[in-house]
Each structure stands twice: as C-alpha cells, then as structure tokens.
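The letters A, B, C and D name the chains in turn, as written, and every chain counts its residues from 1.
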Amino acid sequence: MRRELYNILEHEDETFLSKAYNVLMLLTILISLIPLMTKASLPVLTIMDHSTAIIFGIDYFLRLFTADLKLKRGKWSFLIYPFTILAIVDLVSILPNFLMFNSSFKLLKIIRMGRMLRVFRVIRHSRNIEIIRNVIREQKEALLVVAGLALSYTIITALLIYNVEPDSTFGTFFEAVYWVTMSLTTVGYSDIIATTVLGKLITMISSVLGIAIIALPAGIVTAGYMTEITKKD
Amino acid sequence: MRRELYNILEHEDETFLSKAYNVLMLLTILISLIPLMTKASLPVLTIMDHSTAIIFGIDYFLRLFTADLKLKRGKWSFLIYPFTILAIVDLVSILPNFLMFNSSFKLLKIIRMGRMLRVFRVIRHSRNIEIIRNVIREQKEALLVVAGLALSYTIITALLIYNVEPDSTFGTFFEAVYWVTMSLTTVGYSDIIATTVLGKLITMISSVLGIAIIALPAGIVTAGYMTEITKKD
Amino acid sequence: MRRELYNILEHEDETFLSKAYNVLMLLTILISLIPLMTKASLPVLTIMDHSTAIIFGIDYFLRLFTADLKLKRGKWSFLIYPFTILAIVDLVSILPNFLMFNSSFKLLKIIRMGRMLRVFRVIRHSRNIEIIRNVIREQKEALLVVAGLALSYTIITALLIYNVEPDSTFGTFFEAVYWVTMSLTTVGYSDIIATTVLGKLITMISSVLGIAIIALPAGIVTAGYMTEITKKD
Amino acid sequence: MRRELYNILEHEDETFLSKAYNVLMLLTILISLIPLMTKASLPVLTIMDHSTAIIFGIDYFLRLFTADLKLKRGKWSFLIYPFTILAIVDLVSILPNFLMFNSSFKLLKIIRMGRMLRVFRVIRHSRNIEIIRNVIREQKEALLVVAGLALSYTIITALLIYNVEPDSTFGTFFEAVYWVTMSLTTVGYSDIIATTVLGKLITMISSVLGIAIIALPAGIVTAGYMTEITKKD
C-alpha cells in the first residue's frame, strides 16, 4: 500500500491516479496564490488560504511517510528527508499559515512571502528546463566573466556618478547603483536622472556599454545552444 | 464561368484579371482602415467605411459561390466554407458595418476593433512568412520553456513586489504584473516606480534577468535559423 | 595636368598630394558642421560656414572638370556627371549657402538640413562598410519579412489602442503609432502612457513581442555573418 | 630575500604567503572603496581611507624595490618601472590622499575620482577576461565599422533634431547628442522628449535603428565566439 502511494506521489504520468494527483497539486498551488493577489480581506480568501495549506500539509506528511522508498537509506531516510531542499521548500511554504495566529501584523507581511515558494513546486514537475540548464552550465565560466565585468563596471560607475553629481540627484550610494543598473540594462526609469554634463556623459557611455552587455551573453548563449544541438545529432 | 471567377479569386499572380483583383483588394483594405485612424466624423469617412464594407461583402459571397472548387467536397463545401478560419475572419470584419445601425454608442467602439481583422487578410496574400514560421515551429519547445520561465518569474516577482511596496505604489495586482513586465522587457515606462529599497532591489534583479530573457530566445532563434539555412544547402 | 588632378581627387591614398587632399576634405566637412551645432550667431561661425562652402564649391567644379576621366564617356561625361548620385549630394550640400541670402527665416531652418548631407561624404572615403552591407544584402528577404511583420503589428496595435484608450491619451493617430513604436523597440519614453487596463494589457503584449522583434533580426544577421566568414575561409 | 619578496608580490597562487598577500590586497581595495560610498564624514571612514592608502603606498614601494627582477633590465628597471601603466595606476590611486591636506574643497571632489582607479587593480589579478578579449580583438574591424555607423548616425540625427525642434527642447547641441544616444540604445530617459511631429518621427526611426545597432554587434560577437570555440576543439 505504501509502495502504491509512493508511485502516485512520484511517478507522475504513469497511472490515472498519479496523473490526477499531479493535476490536483497544480490546481492547489494556483488557488493558494489567489489570496496573495489582493489586499482585500474577504472570508472566501481566508478559506482558500487555509484549505490549500491543509492539502500541502497532507502532501508533506505523505512524502515523509514514503521517504525510505525514495531515498533508499532504510530507517535513516525519515531523518534525512526533512533536510532535503525540496522538503524544506515544502515546509517553509506551509509554515506561515500555522504561525499566523500568534504573530503581529507587521511580521505577517514578510511571512506571506515565504508562501511564494510554493510556486517553485511547479518546476519540480517540469523536465524541459534541463536543456536550457545544460547550455548555462557549459558556458558558466564565460557568462561569469561577463557578469564580473558588468558588476565591476556598475560599482566603478556608481562611485564615479555618486561623487560627480550634486547631492540632490542621489540620496544614497544604493540609489547610484540602482541608477547605473537602469542605464546598463537600457531600462531607463526616469525617477533618477543625471543633471550635470559629466553625469550625462556617463549615462551615454553606460547605455552604449549596455548593448555590449546584451551582445556578449547573447553570443555566448547562442554558441552554447548550437553546440548542444550538434551534440544531439 | 465559375471556374474563371475562382481562378481570379485564388490564383493571384497568374492572369491580368487576378493580379488586378489582388491589387484592388489590397487597396480596399488600406482604405477601409482610414476611418479608424481619426475620431472626426466627416461624411467622406462614412462613405469610405460603407463602400469598402460592400466590396468585402461581394468578395465574401463570390468566395462562398466558388467554395466547391476550393474545398473539393461537392455540395457540402457550401456548408463547410463559412466555418473555415479565413471565412470567419472575412465575415467578422464586415459584420460591424451591418450591426452599427441598431447598436448603442458605447458598443460601437468595441465592434470597430472587429474590423481590424481585415488587416490579417494581407497575410493571406504573402508567402515569405513561412520561413520565419519554420524556425519558430522547430524551436517551439525551447521557446516555450523560456516563455514559461519568464511567466513564472513575472508572477512570483509581481506577488513579491505587490506585498512589499506600500499600497500607494500599486493599486491592483494587475499593476504589479504590468510593472514587472515593463522591467523584464527593459521598456521602463515611468508611471509606476518602486519606492522602497527592497522594491528597487527587485527592479535591478528584474532588469538584469531581462537581458537573459533577451539572450535566451535570441540564441535559440539564431541556432534554429542556421540549421534551416544548412538544410537548404 | 588634368590627369594628375584626377589622381589627387580620386586615388586617395597613393601619392602624398592625394593623401593631403583627402585629409583636407575630411577636416572641411568637420568644420562645416560646427556652425550647425549651436544657435548662437557669432561672426566666426559665419566665416566657418562660408569658407567651407567655398572649398566644397571648388571641389565640385574640379570633379566636374575631370568627369570624362572618371566616367570614360568622352564629352558626354560632363553632362552625365551632375546627375550621378554623389554629384547631386555634393551640390545639395553647398546650395543652401548660396540660397540663404534671399530666403525668409523659417525656410532657412529647413535648408540647413540639406547641408547635413555633407556628412555622407565621409562614407565615400570608407570601404569596410561593404562587409556589413553584404550580410544585409544576402539576408534582405528574411529581414524584410521581419520588418513587414513589425510594421503590420504596429499599425494593427495603433488602431486598437487609439480606439480603446480615452481621447485624452492620444491626440492623433500618429501619436498612437509613435507610442506603439516606443513599446515595441523597448525605448519606453513616458510622455504618452496607456491609462486603461486594456491599454496596459496591449503595452505588455507589445513589449514582450519587442523581444521577439530583437531576437529575430539578431538571429538572421548572426547566421548571415557566420556564412560570410565561412565563405572567406 | 628580495627574490622571495618578488615571488610573494607577483606569483600569486603558488605559496601560502603569496596567496595571503593576494587576499590582503583584494580586501584592502574593497575597504578603500567604502569611504567613497557615503557623503557622511565619520572618523571611522577617515581611518579606513588613510590606512588603506598607507598599505597601497607600501605595496608601491615594494614593487619598485623588486622592479629589476620583473623587468630584467638591470639598474635601469628602477627608472623604467614608475612609467609602466600599472605603476602609474598604482601611484594615481594613492596620490589624492597625500594631496588632500593642502587642497580646496572643490578640487577635492575631482581628486577623489582618481582613487577609483584602485578598482582596476582587481583586473590585474584575473585571467578569464582573456577569452572575451580574444573575441573582441578578432572581430575588432567589424565592430569598429558598426561603431562608426552608429557614431555617424548619432551626429547626423543630433544635428537634424537640434535644428528641427524648438529651442525649449534642447538647450545645447550636447543635449541633442545625449537624446539621440538614449533613443538609439533604447534606454529612453524621459527628461528630454521630442515635441514636434518631425521630432517624433526621428525618434521612431532612431529606436528602430537601435534594434539593428543591437543585432549587428550581437551577430558579430556570436560568430566570433563560435569560431573561438571551434579553434579550441
């Protein structure tokens, strides 16, 4: 009986029951997110919130109950399982519901974010991501160099602009880093804008370098993707 | 005679008459769009609107009249034809003109959009799009994974920012989704801007991920395009 | 003597005199642009403006004087030469200076732009552009399809948003086209922003499609560039 | 003893002492940047500022002291070393601290920027950047053509928009260049926006060309990166 339960939980698309369980869990995840999408406090939202938490709780205990069949380490499995990454994610996503009753209003908001980890469960049920992950893993070193260059440039330019522009433009150094990132990624939010000629010159250089920052990883990813495809053939 | 008519309607570039009909239809489409480009109500625009609708109406009936020559299913063709995609597009694009007389002012605006489907007729007369379509079809799975990742990221970040930022920044959850999309695609409209340090941190992460979101599909499309070219040779 | 003059004018990097002439012309072009970079009316700018125009005038007549050596059509060359593209560019770039005296203030502004054509002379003296031009020529058809798709999308979306948004958002249909272009290219100037939920939904779709619009030509150009390189080897 | 010191300074990852010295220098660089990240004048920041400058000073003299072992030119090495690029960078990054005492407030700000050169020291200790540098070196010519085209376009469009738009839009020609760069790189800061129809038309063309400006270098870099990878295999 425990083996059957394990098959339902883990081998998702093989029997009718495992398929149905999979669909049920996906629906539960989606419903559990609805109360987070509004600041209104309707009773229907509270019901959604608690009932989905209970389903996740049952799921957590069923997975713990069949841990030895998954980890194949005998009785030790029941002790090891709660410390695997996926089990921690599962637990963290339910905990806020049971802690909510005896916590202040302020704290509540931060705990709510913990529940967002439920969404990462969806990735558990997908396999196609591996292809993209392979490209990234193979080209990791080159991408890290580009990321390193971008980070160095961001810090240097933030230091430069923070000391060049008048105090009214940037309140803190963090705002300078934020501004450089907005220029480098070509987003260009207009809340903080360089006002001096030197500041505008730095903006121009950052924006032009932003294109290089797009061209370099795009080139690396493309080259990696093509070698992945050639390997397959 | 019906066969000649069918040749004029369908085999566009073979005879002088079919070429002329093709040019006439393209002009009619362009003229039919002019009344939508202004909010002024001049008599000349009303004439344009109705006369082009009549031409489209005649075109619709001529195509229905020769449906058996196209679908090759005997008398059943006349019943099947109105339910083919192109026939529905044709009908929807004329309908508003004939419904306009007995509809209220508010509704009129939404019906007008139906007429925009006329533009899609242009695609019917083009063939080069197939090349691009092939690349997209071949790389569909990989592009869907990227789209899925982008969508997951958008929802998680929207949930996060919606609960982190003060109520004055985002009116509804939809505005949070809109804002994340603007950051991720590096558009950066400045109507909604994160005000807290945590909000700005999320903006920075979104913008940097936006580059990956550009690099990944660009790489996939390039790799797909190159294999398409190699196939040809 | 006329042959020597022709060699100086056309074979730029062979003798000392032709090199010197080439450098002189490049400097003249750069100096001629300075008066356009300010709205102040200093005497030194007027001198710059007229003296460079005189040098361009002499250059024009010297090239006309040696036209038969270039075009190799005997006496007809002197008649044909003024109608070659480069000769027209040369003439248009000097004309404003001689027409300026008897023209009103308003017209003057538009004529000034004609002089900007002088900059295109720089391209005449460069050869590396051919490589890039080859890639574009080879992939012309595919790039046109992408451009066509982008244009169709722009017009349809502009029609849609113009009729959906309230009158206060878009003054004219042109502003709707401008707005769609700003979304699709991910520039995101914040002068015109969609205010309705439907308008914001269209903004989001446009921005996401903007990434595809970047990915597609990038892929085509890359594939074209790689085949160019392989050809060379 | 001088040889041991030289090994510690230059062969970074071989012995425990050289590793420790390397880590110490990286930490010193990071700490020396902290006082630049705030405009507050706390005593702890002044201590950080001066103590790191003293460490850099000692480092400078130790490197000068072992210059003959590095440059292998005998006694001349001690005269040549201060004029090598890295030595100049080292000196410029410490100088502000020793000049600060007898300088006015205004000048101080500009001198502070000199210290930012310290960050470039980090690059001295990295080697992975060579891969990216290879791609750029190989494709230098093609990238320069693209850069040249972008620069020409920027100047022409800046001239055009500066003379077309009313005086209120652009204060100086520099602002027109700044504005064109913001359009071409698709950043789109909203501090300066074209107000006339002609100006908006130029904005649209610039934004669309901006995509080509991204597509071209991305294509060149990708092609270069792929040939680098193939060479390795």
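We adopt the following convention: a contact is a pair of C-beta atoms (placed from the backbone, for glycine too) under 8 Å apart; a residue touches a chain by one contact, two chains touch by 3 or more.
Being a predicted model, the structure only gives us computed values, none of them experimental.
J.: Which chain is most remote from chain C in terms of Cα centres?
T.: Comparing chain centres, A lies farthest from chain C.
J.: Do the two copies chain A and chain D share over half of their interface residue numbers, or under half; same or different?
T.: Result for this pair: different.
J.: So, what's the distance in Å between the C-alpha centres of chain D and chain B?
T.: So the centroids are 45 Å from each other.
J.: Please report how many Å separate the Cα centroid of chain B from that of chain C, as a whole number.
T.: 32
J.: Going by the touch rule set out above, which residues of chain B reach two or more other chains?
T.: 186-188, 190, 214, 218, 220, 222, 226
J.: What's the contact topology between the chains, one of line, ring, star, complete, other?
T.: complete
J.: Using the touch definition from the top, list the residues of chain C that touch chain D in their complex.
T.: Touching chain D: residues 33, 36-39, 109, 112-113, 116, 119, 122-123, 126, 128-129, 131-132, 135, 174-175, 177-178, 181-182, 185-191, 213-214, 217-218, 220-222, 224-226, 229 of chain C.
J.: Looking at the complex, which residues from chain B come into contact with chain A?
T.: Spelled out, the residues of chain B in touch with chain A are 141-142, 144-146, 148-149, 152, 155-156, 159-160, 162-164, 167, 172-173, 183, 186-188, 190, 193, 197, 200, 203-204, 207-208, 210-212, 214-216, 218-220, 222-223, 226-227.
J.: For chain B, which residues are in contact with chain D within the complex?
T.: That would be residues 186-188, 190, 218, 222 of chain B.
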